[in-house]
Amino acid sequence: MTYRFLLLLTLFLAGTAHALTADEAKAIAVGESDDRIAAMNKAVANADDRTAAFLQALVDDAVKTAAGQVYVVRDGKGSDPVTGAEVPVPPDAEDVINNNRMRGELDTALAALKLFSKDAKLRAAAVTELQKDTDPSKLPLVEKAWAAETDADIKERLGLVRAAVLLSGEDKGKRLEAARLLADSRSPATRSLLLQRLKEETDAEVQAALQSSVRSVEASLAWGERAAAVFSGISLGSILLLVALGLAITYGLMGVINMAHGELMMIGAYATYVVQGLFRKYLPGAFDWYLVAAVPAAFLASAVMGAILERGVIRFLYGRPLETLLATWGISLMLMQLVRSTFGAQNVGVENPGWMSGGLVLGNLQLPWNRIVIIAFAFAVLAGMALLISRTRLGLFVRGVTQNRPIASCMGVNTARVDTYAFALGSGIAGLAGCALSQVGNVGPDLGQAYIVDAFMVVVLGGVGQLAGTVYAALGLGVLNKFIEGWAGAVLAKIAVLVIIVVFIQKRPQGLFAVKGRSAEA
Amino acid sequence: MLTIHNIHQYYGGSHILRDVSLEAKLGQVTVILGRNGVGKTTLLKSLMGLVPIKSGTILFDGKPIQGKTPYERARAGIGFVPQGREIFARLTVEENLRMGLATKPGSTAIPAELYELFPVLQQMLHRRGGDLSGGQQQQLAIARALAARPKLLVLDEPTEGIQPSIIKEIGRVIRMLADRGDMAILLVEQYYDFAQELADTYAVMERGEVVAQGRGKDMEANGVRQLVAI
Amino acid sequence: ADDTIKVGILHSLSGTMAISETVLKDTALMAIEEINAKGGVLGKKLEPVVVDPASNWPLFAEKTKQLLTQDKVAVMFGCWTSVSRKSVLPVVEELNGLLFYPVQYEGEELSKNVFYTGAAPNQQAIPAVEYLMSKDGGGAKRFVLLGTDYVYPRTTNKILRAFLKSKGVAESDIMEEYTPFGHADYQTIIAKVKKFSSEGKKTAVISTINGDSNVPFYKELGNAGLKAKDVPVVAFSVGEEELRGVDTKPLVGHLAAWNYFMSVKNPTNDEFTKKWAAYAKAKNIAGHKDKPLTNDPMEATYIGVYMWKQAVEKAKSTDVDKVIAAMGGQTFKAPSGFTAKMDEKNHHLHKPVFIGEVKSDGQFNVVWKTPGPVKAKPWSPFIEGNDKKKDEPDGKSKL
Amino acid sequence: MTPDLMEEGARRASAYARMAAKDRTESGGRHAATGRPVVPGEVDVAHGRILYLEDVSVSFDGFRAINKLSLDIAPGELRCIIGPNGAGKTTMMDIITGKTRPDAGTVFFGSTIDLLRYKEAEIAQMGIGRKFQKPTVFEQLTVYENLELALKTDKGVRASMFFQPDSADSDRLAEVLRTIQLADSVNRLAGTLSHGQKQWLEIGMLLMQDPKLLLLDEPVAGMTDEETARTAELFLTLKGQHSLMVVEHDMSFIQAISEKVTVLHEGSVLAEGTLEQVQNDERVIEVYLGR
Amino acid sequence: MSAVFGSFSRSREKAGDEGSASHPHPNPLPQAGEGVVLPGRAPLLTRTGWTAFLLALIAVCALAPVLNLVVPEASPFHLSDYAVALVGKIMCYAICALAMDLIWGYTGILSLGHGLFFALGGYAMGMYLMRQIGREGNYKSDLPDFMVFLDWKELPWHWTFSDSFLATCLFIVAVPGLVAFVFGYFAFRSRIKGVYFSIITQALTFAAMLLFFRNETGFGGNNGFTDFKRIVGIAIATPQTRMVLFVLTGLTLLGFFLFARWLVRSKFGRVLQAIRDAESRVMFSGYNPIGYKLAVWTLSAVMCGVAGALYVPQVGIINPGEMSPANSIEIAVWAAVGGRATLVGPILGAFIVNGAKSWLTVAAPEFWLYFLGALFIAVTLFLPNGVVGLLKKWGKSA
């Protein structure tokens, strides 16, 4: 590595460049990793745009070889890496395979090349790449880039990189400066760097500076860790909430012990999968927006299935809640098998759209976009549902009908229709949950089974028929679970949460938000 | 307004209503009397469509309704105060009243006169129906039936559990509603004096049959009290 | 009828394991169809008897009994989870049946009535870790052993721990974490891994996470920004089929160790994948008819069926004892490109080991492989006392 | 210390003082001197009261349903309770039978049993029977089984496994069946009875329980005048051996049975006296009877 | 108008006066119950009931052993080992269904945790069977195999008495019973009812499952216990031992059935049903429902535990999968299919559902879930009282 940077250094300091040759390209592309890396470093030392483009092609897995010839293949078209001219690629050409090590080297090389790019974004990316490595040989390069940098933010980050390198330098003054500078860092790498240095440092003054920097870095890291724990709790809670919301209607309000709730979620997830497939096939350009169509599709698919179930089976079972357990259990078995025979028993792939991949980086905290979106989505669904149930006539009728069906019908409510709507609504919300789940987990025939127990726990813990209770229970369980998981591990956390539920119900035998008073018995 | 012709009704194997015929006219209070278990409630439930009848016809406004669902009957203009109140326990008083307005478009307001009739309802507007006392619930049930201004008001023992002063009030209301002339009232009542006071026509049931019928004025003379007592 | 040989297929077609096992049933059926098309075995057609043990372990035992006593099958291909195998084992032994088990497992078992065509730990786990420690593998110095809380991961990790210790890795450089079955929320775990990896030397994750939890794990991994370059994850239960459900772009470079990858290039594999694609289309196998995938347990199943056929032909009988005797030393040109050999004694295959890196299309780039097939060590030398174990099942008949 | 807390403290202190004072007046501090052994579960009516409520209050979400209610009933007395809808009559019964815990106050059965310390079943075992405003019977059991369950016997688990009605029990069952006019419905499921029949059945169950104190919440609601009269008759025969507390709105029924009437209003006693006195009380007319 | 009503209440009061004065009640209160026909005590079983019971007894104790062990295999009357194992297993399930009927059908408490009690009984037996393997395991050690390869050096404390058959018999009853008792005591005391109770039973069994999955818990992790060799020193995998276990299971089932029958037709049983219908009325009638619920709950758990203990040596495996929530739900499903609160129904339900499952997983391995699902739906829609309800209807119309 040192060797390479010395080479790079000469390159940048001398500013000469020469073109990539076919032999070089071949040496970089094929052979043992060690030899390829050496060849690459040699080429980089004299890099021009072609070299950069070729390295980029290697990173993108867009290089093939056949009979000692190297080809760059993009969008099905082959080109010569040396000349850039379009050339036909022989059919027996094999992919050039880069292992992790190779890819790492390629990235660093590219980063070094990009450090002086005109595009600030590229430079920023290059700095991020360099931050991972604190090789002293980088110093001249970093210093040069640092001096030339105009963007304040990038400059600051380069400064940190520089400090990290300086930290192990000979000069006590520089070490001191570096140690102080690094106090602002929020990267866990800095902490280990500082700690490492602390072990070796002999100078008392620098030691003190190092110690105080470690404390400050650790403080900001700890903040990030705590925030991450809370976030993960809320995120788990939001998923529990989504999973439970539909059940809060079909079970909480309507009293149907809906064992097929999970399968209705599964239908929503498969609907998302289908929409994704349609977009990929017919609207590849708008693929990133497939979710916008998938959300209503998932809702509708599950709602229609719910309506069919209500009309065909459930409606004959009102007033016999325990029978609904049996019937919906049967429905659940059939729906799962139906999906197995149409989509196969294996999982299907649902991708996050581009804008939901990756995460929002705040210091050492990285909050995945898909989770942020799901949290927002859960609360949007909650708000919509709460409004519908408490503010609209349909909501009123649903509550009335589910409490006293014959009398509601004597009041002029078309109970059959309200029942269908209500069940379809609950099912549709299950579908929405399925759509959301497809963004974080498996989409397979068993999707629903994994969540059904949790869904019932949440609804019941919150208090049957109590929407607010469902919300508190979901978030509470989510945060509690993640909190315990943090120190006891996932298995014990799950056990502990279940035990806590059992104990909690002793204190609140009607759930978190119990209906009190006489109306509870009526 | 309402004509019931020869209806028969069974619960499982037992014959409950036997060939019952009855009429309720606009502007009149028709009272049904009878001892416990003779089938009064069953008759009203059949009328509302809550239990199926085996045979016979029910004409409302001249149209047969025996095949219709309860909600269609309610939409046609029948208001029902069931025995045992049957309010929506977990809906608030206000929401209970709104349920009574189900046949009307969504924007219809709860008629203010209901609160004049039953001031306690206004005080307890946001309390859950199930938390009310028995008598309060009964008042709510009556108000709920009146909310949509039905053409036929069917009441199953509305005085049960209600304090005397309000019974009087209910009596007054029933009379007033009948006298307005746009409503027929069918009242099942055990409380003989209350019934007699209100009846324009009466019918006495026994073992699922109508055994006596006549004009309210003649009740005393026809010995209805004794009939009910046997 | 007497002109057919009955063959039992004992894979869950419903319940939690259907996700993985269904395709093995189809693979076995495909192999049987091929054999029948070429005239069957000993002049008789093979007649598959498919049952669904429904991911229910006692039901596995019941179905086995039924296959052996009612249907009188000559051989069974089946099971995925170790517990299903353990449930079946006493029945197979009692009734002297024959079972081919096609999945990698924790070892520590040998039965005269079972042939193990999947990998033992030394044919998968150990080479994978060796690779991670190599220069090309990133020279990992710290390890996270991450698994679903059950016997296979626990045992494998126990073996790995002993192995790592033997390589001089300190206790403090090993982190072990388990999640319950079906765990779907890996936020906390990934945060822990991140923290662990930032505390020092190059870190790698060795995942024995069970099939179901892999998609949520990898989705979280991708979104949390842990790149293969920084912290590579090597998995033993993740193959082509498991990746079907994931957006693999963020996972490029993570690793898996198997004895077969769909992407290995050789004529046998080309033929195998083509045959599978055609079969899936012809039989309208949901999922595979549009996107045919093959994987290691499928290959192992396929090898198993053919080796059994060869053994029967060698023994000139389907008699279990004779077939067992004839199995030892059987070879088969496997889709992996190597010739798999049934060990003369220990009922396990000699198989090559491949390390693959995930590509963006859900396939694997083979980045390392053993020069040739490796003999299985069902009794891991890293477990105390195993050095005294016989590399051969007890009570093997002397035929 | 917030004012709230101070008030609460003061309230408690005075409540304690009252309790202490009451103890003195109740038995004149003579527990030991009287030498009456306190038999657990045995109702001590030596002080002329079988039921005694003092300063009972309960509120629901801030609404005071019972407000410093004090009331007592003598052994063998038949007391009628009337009062407007929502006056707290049913709530009072809920408190006596252990269904609702009061926020404050004391409830004694006899002079030794503090009812607030017992659960529903224990209170029932001691001899307080109750008929609910809405008839509640075991709908899936037959009329006979309903009555048999109510029969006064050992109600422990083991005892009921081996229970066999003896001839005295059978006689009693038959007698009650006739009293409630359900003799030809012994094998019908209670759920199929009409409203009025359920009322009767519930009264029958009370009779089987043979309680010392009967709490009857609107027992004649939904009965014909004729049946009302029969009920009145029945209650009059019970009076003497049993104490009864009857809540009703049917004034003719009250008239038929009453000696002493208590009027509740807004959770406390508004008036007490003979029916005549009460009926002529302006306030009672105002809030309850109407003009 | 007000004038009319002004006089109204007075007239009523007058009427009351007159009522009692002028008509001295036409129906004088009867003084004794002469002429009332009280229902007699229902017999433990009807005559046909006894006949059926005896037939079942003969089938289990005589017919099955003879057909299986004596009649040669070639004969069409031979009862295969497979059938014996299958029926034996289903009889264990039937005991669970019967237990479920007591608690759910009669008392109205839906337990979604009965699988736990079944598994606890099974584990108690399983531990004993593991110890009976002795040194014949893979590792030739005194410890069970799984302990050896997880590096355990000695038996953990909770295995202390596992080598004694007597202690095992005690544990089979005591462990599920105690767990149920403690859990039930707190739950019933807190007045947890209905679905709240169901859900915490589910949470309980789920938590137990996760606990047993852990290798550290010392129950063999997810693999549980298998590969049993002997029971009370006798080889387990022989037709004779199997038949003994079969007969034992059959007798247990029949015994439990009679006991349950005796129980539900006692007053105890009626109190249970009363609790189901109106618990508060039961309290106001002077019964303390906690004792009743606790008694039947614990009894039901013990029955499941015994079933589990009989199940394990017959199927040859016990593992935490038995505690999965779905298994417990299935027990309820059997009871519902057969017909709740009928005792015979749930037993029948267990046979129908499990029989169908065994048959269909072979006959239609890819479609059987449709059939089974459809069966459940059909039963609820068309047979609200389960299969027994249908049989009763036929019986009546015939």
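Every chain is named by a letter (A, B, C, D and E) in the order it is written, and numbering of its residues begins at 1.
Here, a contact is a pair of C-beta atoms (placed from the backbone, for glycine too) under 8 Å apart; a residue touches a chain by one contact, two chains touch by 3 or more.
These numbers come from a predicted model, not from an experiment.
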item: Number of hops, subunit B to subunit C, where each hop joins two touching chains; value: 2
item: Both-way neighbours, i.e. chains that touch subunit C and touch subunit A; value: E
item: Intersection of the contact lists for subunit A and subunit D; value: B, E
item: Core chain by centroid distance, with centroids computed from Cα atoms only; value: E
item: Geometric centre distance via CA averages, subunit E-subunit D, whole Å; value: 40
item: Centroid spacing, where centroids are CA-atom means, of subunit A and subunit B in whole angstrom; value: 61
item: Centre-to-centre distance between subunit E and subunit B (centres being mean Cα positions), rounded to whole Å; value: 48
item: Centre distance in Å when subunit B and subunit D are each reduced to the mean of their C-alpha atoms; value: 32
item: Per-residue overlap in subunit E, given as positions that touch at least 2 other chains; value: 9, 12, 15, 23, 26, 210, 213-214, 280, 366, 369
item: Touching two or more other chains - residues of subunit D; value: 60, 225-226, 251, 289-291
item: Where subunit B touches two or more other chains, by residue; value: 131, 164, 167-168, 191-192, 225, 229-230
item: Parts of subunit B lying in touch with subunit A, wherever the complex brings them together; value: 48-50, 69-71, 73-75, 80, 82, 86, 88-91, 95, 98-100, 102-103, 106, 128-131, 144, 148
item: In the complex, subunit A residues that touch subunit C; value: 33-34, 61, 94-95, 97, 99-101, 103-104, 107, 132, 187-189, 191-192, 225, 228-229, 231-232, 235-236, 239, 336-337, 340-352, 357-359, 361, 366, 368-371, 439-446, 449-450, 482, 485-486, 489-491, 494
item: Contact footprint of subunit E on subunit A as seen in their complex; value: 257, 259, 313, 316-317, 320, 322-327, 329-334, 336-338, 341, 449, 453, 456-457, 460-461, 464, 491, 494-495, 498-499, 501-502, 505-507, 509-511, 521
item: Footprint of subunit E on subunit D - complex, ascending; value: 97, 99, 119-122, 124-125, 129-130, 132, 136-142, 144-145, 148-150, 152, 155-157, 160-164, 170-179, 181, 183, 186-187, 205, 209, 225-226, 228-230, 232-234, 237, 251-253, 255-256, 289-291
item: Touching residues (chain side subunit E, partner subunit C) in the complex; value: 80-82, 85-86, 89, 138-139, 145-146, 148-151, 210, 213-215, 220-224, 226-228, 237, 315-317, 319, 321, 357-358, 361-362, 365-366, 368-369
